[in-house]
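Next up, some structures in structure tokens.
One chain, subunit A, appears in both complexes that follow, with subunit B as partner in the first and subunit C in the second.
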Partner chain A sequence: MLTNRSRTAVLVFLLPPLGLYLVAVVGPILHSLVLSFFEWDGLSAMTFVGLDNYRQMLFDDDIFWKATGHGLVYLAVSLFFQLVVALLLANLLTYVRRGRELVKTAYLLPAIVSTVAIALMFRRIYSLEPLGLVNAALGAVGLDGLQRPWLSDLDTVLVAVSAPEGWRFAGLYMLILYAALIAVPKELEEAARLDGASEWRIFTQIRFPYIRPVFLTTAIMAATYSLRGFDIPYLLTNGGPGHASELLTTYMYKTAFTSTNFGYASTLSVFIVLQCVVAVLLIGLVRRSGRYAS
Partner chain B sequence: MKYTRWGLALLLALALTACGGASGTGNTDPTKVSGDIEPRAISWLLSRPADGAVITTVQDIAADYGKEHPGFSLELITTPDRPSYLQKLETLATAKKLPEFFDTDATPFADKLRARGDMVDVEKLLDELGMLDDYRPLALDYQRFDDGGLFLMPFEFELEAFWFNTKLFDKAGIDVPETLDDLVDTCGPLRDAGVVPIALDGQDQWPLERYMSYYPFRTAGPDYVKELKKGEASITDEPGRQAAGWIHDLGQAGCFPDGFSSTGYTDARDLFTTGKAAIYQIGTWELPTFLGDLPPATAGAIDYFTLPTTDGAVTDPNEFTVVSGIGTAINSRTFDPLVKDFVTYLLEEYPKRYAAQGRFSSTTNVETAAPESGSELFDKVVAQMDDLGDQTAMPWDTQLDPTSNSRLQQELTLLAQGETTPDEFLATVDETISENAPKYFE
Partner chain C sequence: MSATTLSRRATEEHAVTRPPAPERVRRLRLARHGVTALVAAIVLVQVYPLVWVLLTSLRPAGEFAAGNPFAFPSELTLENYRRAWELAPLPRYVFNSLVVTVVSNALIVVLGMMAAYALTVLEFRGSKVVHGLFLIGIIVPVHVALVPLFLNYSQVNLLDTYQSMIIPLAGFSLPMSVYLFSSFFQYIPRETYEAAALDGAGPYRIFAQITAPLSANTVVTVVFVNSIFIWNDFVFANTFVLSEDLKTIPLGLQNYMGAMGSMDWTATFAAVCVTVTPLLLVFLVLNKAIIYGLESGATKG
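This part shows the complex of A and B:
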């Protein structure tokens, strides 16, 4: 139980960040919500259109649904790298005895490289004319038939723009998961080994259940970051060719700043916020059910 | 209840903030501005290369003006990447916080700014200064809005051509194409010779959109796009149909590099200058590159041909895309005796200093400095500049409403890649223009 004095101190310390949060996060979201009921090009007077923008988004806009579907693929690819690959690497790292710091630094490096540099690098890596790294590697091992312009091929472009985002932060999440893994009590693992448990069983029945809360927090971070992924796809393909790699974020940006349709762009942004909230709630549910189960 | 009331109040406050901003307009008539000059710092929002000739020339002139007017300074805020620039411009325009000068094409969005009274009438200004007749008519026409209003100043003059590598043409055994359909036919022999026929910056999308404008310009003239953008003509009409078919044919003939949609500006240029591509459609702003040090594959082997014609063309061979670059508007809200005096000095000084750098001025009263060693290519371009027709193929990206333009660009890539048929392309674009043009040009 806090004393009155402590309660005041808590309030004094909490109010500034809360105020900042209201101004910097809640304010713009509410602003977008208001704008989503208007038609506005930024210059002319705003026209109140009620739910028209929402009706158009849900029932008349083929690009919106395409972009929503693409967002899920983007999310899946990013999470594959950021959770599955990161967890695998983190687990492997616990077995490494020498050069562990070097490995950690090497994997973390992409997270601190500028987005523009990453986009430029991947544009070269995927290129066919001139021959990029991926196609050159395929050619070197005799798989010439698989060579293609990865960013122009409608069948590959979405995965091709998603992979750099996943690759970029895989090292960061690997570090977080690694920190959780080394906190697993060694005596538990040793007892299991003495009982003849395989490394796989140790991982699935001791390590993973132990780091589950950290893994779910990581999942929330990775999912919300991926749902609002924008920069790499925008720089690599600008949503193209056609709308083959269009995400809701790139579509929203273009609607606002290319089409100058700020009202409709706000409607899209409200949907993105809702999507993130739903994702967090879903992960929260998984977390709660796991807690009750254990 | 209390919270609901607070919530409503917050929403209302936000809505009012959104609607608010400075009210009133500035003085769009430059002849009405006179008085004492009070030097101060002014700004220019540009979308031009930071080390380009326009910026360096303006910087020199501003420095000289500042010497005579202590307290004056000109801050040049440049964002060469066009989409980023437009975002900045739109945000500032929305907040009515545009600086003294800002760059824009004569787009429908800019026309709205003009309608709001944000731009000084440049025609009246040039007329008052006695400079109107110094300008090339094509340079001014490029900057005009649909009703002929001139509210943008040109600072460049460039023609767009198809630059080609003569060695690669010889290797493939082909001649310069005379018609647009001949251009398609050159691609097969060039591919057989192991070279990319046409280098194309697909990432920026406007270069491919130029190709879309060519057939209609030749067969229907410059008015087609002006009618199309307002929904008075349809993309499914014969000129649009021919254009879509031609782009599809170019794609099917392998004219563009594989994966062109993710090729950037410099990559496309490098493909040509390193001798890997035979043709490159670009403006004379790249002439210094072609006259500079080049690899053996292209050194001394660059020539150009202008827009090929078509059967039954209504425009002359000497009429094609001629641009005077992104224009510059003068903000009427900040237009005062100082800005007027500076812009007068700038317009007087600019042409000669710009031409001295080997660039083509929008005016006819100066001569462009030739390369020291001389160049046949340069002489050919200069002669071409003096032999231009009266009409120009306006780039479609400056004409269509932004939503239709964006959709057309995206669909055009698919058409050139062979992912959609001309009919599918036409149907999609027609629907988009029908839906958006009336709203935008009402």
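This part shows the complex of A and C:
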């Protein structure tokens, strides 16, 4: 605490940022909460409906549950790229002698490309007619049978819109996990290695336990970002065909700005926020339980 | 098993029993080549879509429609870039994105630094609570703000302005900025401030002459992380902006997407390449600082 600070100084420094934060973030959250108890199309008078929107969402809305389930698939696919593949690559990278910087830079590149550009790319990557990258690659290795229009096939569309999200930020999480892995004390690894431990055992018994806290922080980041995924599914399929790739975010957006049902859309966005909070709490719980166990 | 006993036993044993046999060395070398090949393969799959976009943008349009997507272009042409330039006002989009990105970043850096200074250097009763309030913002999905902001903007005539994008973009980036600055400020030794205070420097002078200048590296990290998010923002721009004159790059690129049947793919990919370039240049120039910032920022937390 600075000795000659004054109340004015604190206010001068604190009020401008706090003001922006309240206007742009906190205010809208509370506003959504209020709107979620109303029915309103933006033009006629607002009608207070109590918990009706919530009742409708939980008990009468098939699309809501469908979208929630899709969200879990979306989450699983993107975490596969952002945590599993990223961890594998980060671990392999520690064994590579030259070109590490190049690998890091190249792997991070997709992160700077806008989602609109990514959606444009993937529309063409997935297409069958004309033959896109995925189908051409399948053809080249003799798997012609698997070729299909990935974005209009009901069985594949959800995974197809999820993969670009995972691909996009995999580099960021790889970088963080790599930084954690090279911070593992070398003496521990060397000792185990001389003792004849396989590299797999070194990974599971020494490296992973050591980076576990960082891994869980990374998991929180990746999970909250994936749960708010919107741009790519919205741009690629707009939730379709039917509602086969609908997520809560795309459903909320359409409810608000296509059906102009602002009350119900706010109920959905309150749920989206709750979902993120629950995800963070769950991972936090895993983190704490691990700490006591060891 | 405890690591220290493992280590002691291992070194003793090793000293007597295991000279590196030539066969073992060969196997190790083989394994290393395998790992390198695997890493190269993963990176190739990750980067190939981007390489493909670049190659496509340089490929004659006719060849793209008919040809094998993996083949190298038969000739390189800039014709697609010319058409991309004609199809939409690209410079206008780039300009709009620059305005939004620069103003938002200025706000995020200055306000983030001020908040972190008030919360971690000046401190006051309840500063922990306010800090927590800011941190919650890191996990809040931006979508929750769309309906309320849309309604508020239409009341105060802010729809379809630069501000309508800048306010939420800066607001939602602020928590991360406050977090990064306050973790950095904790590393500035207290004595530095005490010495300055003894010399009669007030909180404003200390901020301007000590805290701010020391934060250069953190500023780079904050600006880069947020620029990715802001430069590429689609959802706020799509919701709040209608007029062609204010469209940022992501909205502008959508114009290419419009007519599905007759889409000019090579020109579209040329436009994608143009719009990625500014961020790419910044990224390549500041590569070291950015990667260092991301690594240290994340592992400290």
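Observations
Here, the second predicted complex is superposed on the first by the 270 of 294 C-alpha atoms of A that agree within 3 Å, B and C clash if a C-alpha of one lies under 4 Å from a C-alpha of the other, contacts with A are read in each partner's own complex, and residues count from 1 in each chain.
Definition applied: a contact is a pair of C-beta atoms (placed from the backbone, for glycine too) under 8 Å apart; a residue touches a chain by one contact, two chains touch by 3 or more.
None of these values were measured; they are calculated from a predicted model.
In the superposition on chain A, A:Leu89 contacts subunit C only, with no contact to subunit B. Residue by residue along subunit A, subunit B and subunit C are tallied for touches, and C comes out ahead. Shared-chain residue A:Ser259: touches subunit B; no touch with subunit C. In the superposed model, A:Gly27 lies in contact with both subunit B and subunit C. Of the two partner chains placed around the shared chain by superposition, subunit B is the only one that A:Glu129 touches, whereas subunit C remains out of contact. Within the superposed three-chain model, A:Leu35 lies in touch with subunit B and with subunit C [touch as defined at top].
In the overlay built on the shared chain, the residue A:Met121 is in contact with subunit C alone; subunit B does not reach it. Looking at the shared chain after the overlay, A:Ala192 reaches subunit C, while subunit B stays out of its contact range. Legend: residue contacts after superposition of the two complexes on their common chain; A:Pro149 is shown touching subunit B, with no touch to subunit C. Of the two partner chains, subunit B is the only one touched by A:Gly239; subunit C is not.
Common to the subunit B and subunit C contact sets on subunit A are residues 27, 31, 35, 42, 123, 130, 257, 262.
Interface residues of subunit C facing subunit A in the complex, by the touch rule stated above, are 3, 6-11, 13-14, 18, 32, 35-36, 38-39, 42-43, 46-50, 52-53, 65, 68-70, 107, 111-112, 114-115, 117-119, 121-124, 130, 133-134, 137-152, 167-168, 170-172, 174-175, 178, 193-194, 197, 202-204, 206-207, 228, 231-232, 234-235, 239, 249-251, 253-254, 256-257, 265, 268-269, 272, 275-276, 279-280, 283-284, 287, 291, 294-296, 298-299, 301. Residue ranges on subunit A touching subunit B, taken from their complex, read 27, 30-31, 33-35, 40-46, 123, 126-130, 148-154, 236-243, 254-255, 257-262. Against subunit A, in their complex, subunit B makes its touches with residues 10-11, 14-15, 17-19, 83, 86-87, 90, 93-94, 109, 112-113, 116, 196, 202-203, 205, 257-264, 271, 276, 402-403, 406, 410-411, 413-414, 417, 419-420. Put simply, subunit A touches subunit C in their complex at residues 1-7, 9-10, 12-14, 16-18, 20-21, 23-29, 31-32, 35, 42, 85, 88-89, 92-93, 95-97, 101, 103-117, 119-125, 130-133, 136-137, 140, 167, 170-172, 175-176, 178-180, 183, 187-188, 190-192, 194-195, 206, 214, 217-218, 220, 224, 227-228, 230-231, 235, 249, 252-253, 256-257, 262, 265-266, 269-270, 272-273, 276-277, 280.
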